[in-house]
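You will see chain A twice below: alongside chain B first, and alongside chain C after that.
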Partner chain A sequence: MDLQTHIPKALREVAELANCQLIGPLTNDTVLLESGLDSLGFAMLVAQLDEDLGMDPFSSMQIAVYPRTLGEFIRIYQQAAEQG
Partner chain B sequence: MTTPKHYPSSSFRPLTEADLALVWQWRNQASIRANMHQDTPIPWQQHQAWFAQRDASTSPFFVFYQDGRPIGALYFKPHPPTGLEWGCYLGETDVWPGSGLLLEIAALDYAAAQSDCNTLHAEVLSFNHSVLKLHQLFGYQETAITAAASTRNGVHYQIHHFCYSTADWLSNRAAILAKLPKQIASAAAFIEFIN
Partner chain C sequence: MTFLQQLQAQQSEQLALDGPNQWRFGELSQRAQQLRQAHPELAQQALAIRYQSLADFLCALLAFDGVCTALYLLPEQDIDITLPEQVVLWPEQVKTGPTQTTAVPITAAAPATRWFLATSGTTGTPKWIPHSFASLCRGVKSQPSQPLRWGLCYQPFRFAGLQVLLQSVLSGACLVDVTEGDALQRLQQLKHYQVNALSATPSLWRQLLMTNQLAELPLQQVTLGGEIADQPLLTALQQHFPSARLLHIYASTEAGVGFAVSDGQAGFPASWLTQSRSGVQLRINAAQHLCIKPATPPLLSQHLVVDTEGFIDTGDVVQLQSGRVLFLGRANGAINVGGQKVHPEQVEQVLMQHEAVLQARVYGKASSVLGQLVVADVVTKPGSDHKKLQSQLMQLCLTQLQRYQIPTRYHWVAELANNSSGKLSRKESNV
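Entry: the complex of A and B
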């Protein structure tokens, strides 16, 4: 699955479901906490991606490095997918 | 093979003088000031004076450590006769997804653990939609909506007043956590207050 496409799409869908108004277009430089998606929305997004992809890298990380931007968020999922 | 789950530790430690500069930087960020009653930057001297004069026993202020790293603040002040009022913010932007929910849970857990606290109170500005939504989701009672004394960016706004009986929180806690994405309830098990 192309995560660079799937994750922003899932984020938009969760934002609509969580009644969050996204601020501006989503790019890899978008700061997650300033995107308009709130804390509940992010938790829902991670849960949705766990269903879609069968992984939650944020609950599997031995070294906790959390993403600031959408690009970093996608990269964490890409790395988790590569590690299988 | 199933990878063992790892959830972040959420430790709340009392504010010390060593934390002052970091907390001051967080509090003066535009995105945090925007949702505060006082939205103008706080001068360093005023911040120091606040720390020197505050009564930590009645108005506890905690720094939120996620896996040992300071990422935000959670604070309380008395709400007479038998309540506490709380506030919080995340000062860092690279945090575990759902950290704001952990703050919401931690505030209620802290209040419920205080023998002299019967209700937890909160005030939210009317344009802070995400927190309004969270308080409603958690089951706060909205007790009043009052007009703010000032305008924000030239626009009038309101203050939403909420309260939560700590006895109700203890009854509702499991059901509320069950409504949240499942990793939140798992991470909530790692919330601790260190005095």
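Entry: the complex of A and C
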């Protein structure tokens, strides 16, 4: 699956479900905490991706990295997919 | 010693509260004495203190501990909790007038004030839990050589927030109120006031890490509480602050006791089940609940379940794994979303108001971001349009529930299991 396409799409869907208003267009430079998605929305996104992709890199990572931007978030999933 | 007597041991010129309004220890003490002097009618009364600001709240606590028989710590917003009769509401029911500035001697015959904190009960109905000042201070660490600058992330009328308040004030540290704002705003305040000691929920720590600016704080003390601390987060915090003291706190609000784990590992060592530590004994009962026997018996309340040997059932389910005791969650099914408690029954009652919903069961699903998320299994009338229903249920929930209480995911199921007593089974999910 093309994560670069899938993750922003999932983010938009979750934002709608979570009643969050996204601020501006989504790019790899979008800062997650300033995207309009709140912490509940972000948790829902990680849960949705776990269902879609069968992985949650945040529950299993040995060296915990917390992403600042959407690009960093996507990279964590890409790396987890390569390793898994 | 009363709270005020203990505060007076601090250097009066030292800053106690920092922020837009600064308070020195001497000023707090003076203000507390003025309040006491102005309200002799409150002696031997039960007082409910409504939270308005950190300084006002702290001054009222200092003024009336050792003067009133009971202090009820009321949240700022109206919650559905009943106060006993004859409790005076502060500040609403107290006459305000000119205060005198002469110091009032603290009498030796001061009453041992009971402090009452509100906690959400098993069904979501809040209840009052009594504590003695001494038991609330048991976890306070003595003065470090260099006074710390604490950030207050929790509301101070809750158990965790009061612990930070007492720790800061009684160790001569300076406290900064960062209870308001999102993670980025809070981080700016923490940086601005050079906070170097912080206690927060694991969920807030994760958000602070996501700012990528947390490492700019000169943290010497990193404390996690209010939720189960997981290993990835503990590891990340250790890596960011290798020289800081890293603690994760387990506290049972109802028992008024807890303990701290300082080895950076999730859970606590299984060896603690056989050794008493600081007089606190731990054991696991047949239902896999953690039971605690505190060093001194807690103030008894009707809500506390104590066995014949003095052990209190905390209602927390634990598991032994590789020499560690790990926390799994609450036995009563209460869900912890980022430190906020959600009672499944309350959410189910809202869902059941929709005419298409025949049965609903709400439970928690593990989340690596917020600890747990609220999920619902729902049985609907035949022929229901689930997509449309989901959005209608969201609208219904928005009118009656807090955001963190609203189900994040629905599973449309044909039936829900009942247990032998005919009640909805909370043990396992249908999914």
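The criterion applied here is as follows: the second predicted complex is superposed on the first by the 84 of 84 C-alpha atoms of A that agree within 3 Å, B and C clash if a C-alpha of one lies under 4 Å from a C-alpha of the other, contacts with A are read in each partner's own complex, and residues count from 1 in each chain.
Convention: a contact is a pair of C-beta atoms (placed from the backbone, for glycine too) under 8 Å apart; a residue touches a chain by one contact, two chains touch by 3 or more.
These numbers come from a predicted model, not from an experiment.
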Clash or fit: chain B against chain C, after overlaying the two structures on chain A? clash
Contacts for A:C20 in the overlay, against chain B (first) and chain C (second): which applies, first, second, both or neither? first
Identify the overlap between the chain B-contacting and the chain C-contacting residues of chain A. 19, 32-34, 38-40, 42-44, 46-47, 56, 58-62, 64-68
Can you name the residues of chain C that touch chain A in the complex? 182-184, 203, 206-207, 209-212, 230, 232-233, 235-236, 239, 337-338, 365-370, 373, 394, 398, 403-404, 408-409
Residue numbers of chain A touching chain B in their complex, please. 19-21, 31-34, 38-40, 42-47, 50, 56, 58-62, 64-68, 72
In their shared complex, at which residues does chain A touch chain C? 17-19, 32-34, 38-40, 42-44, 46-47, 56, 58-68
Touch list for chain B against partner chain A, complex: 3-8, 31, 66-67, 69, 90, 93-101, 129-130, 133-134, 137, 180-184, 186
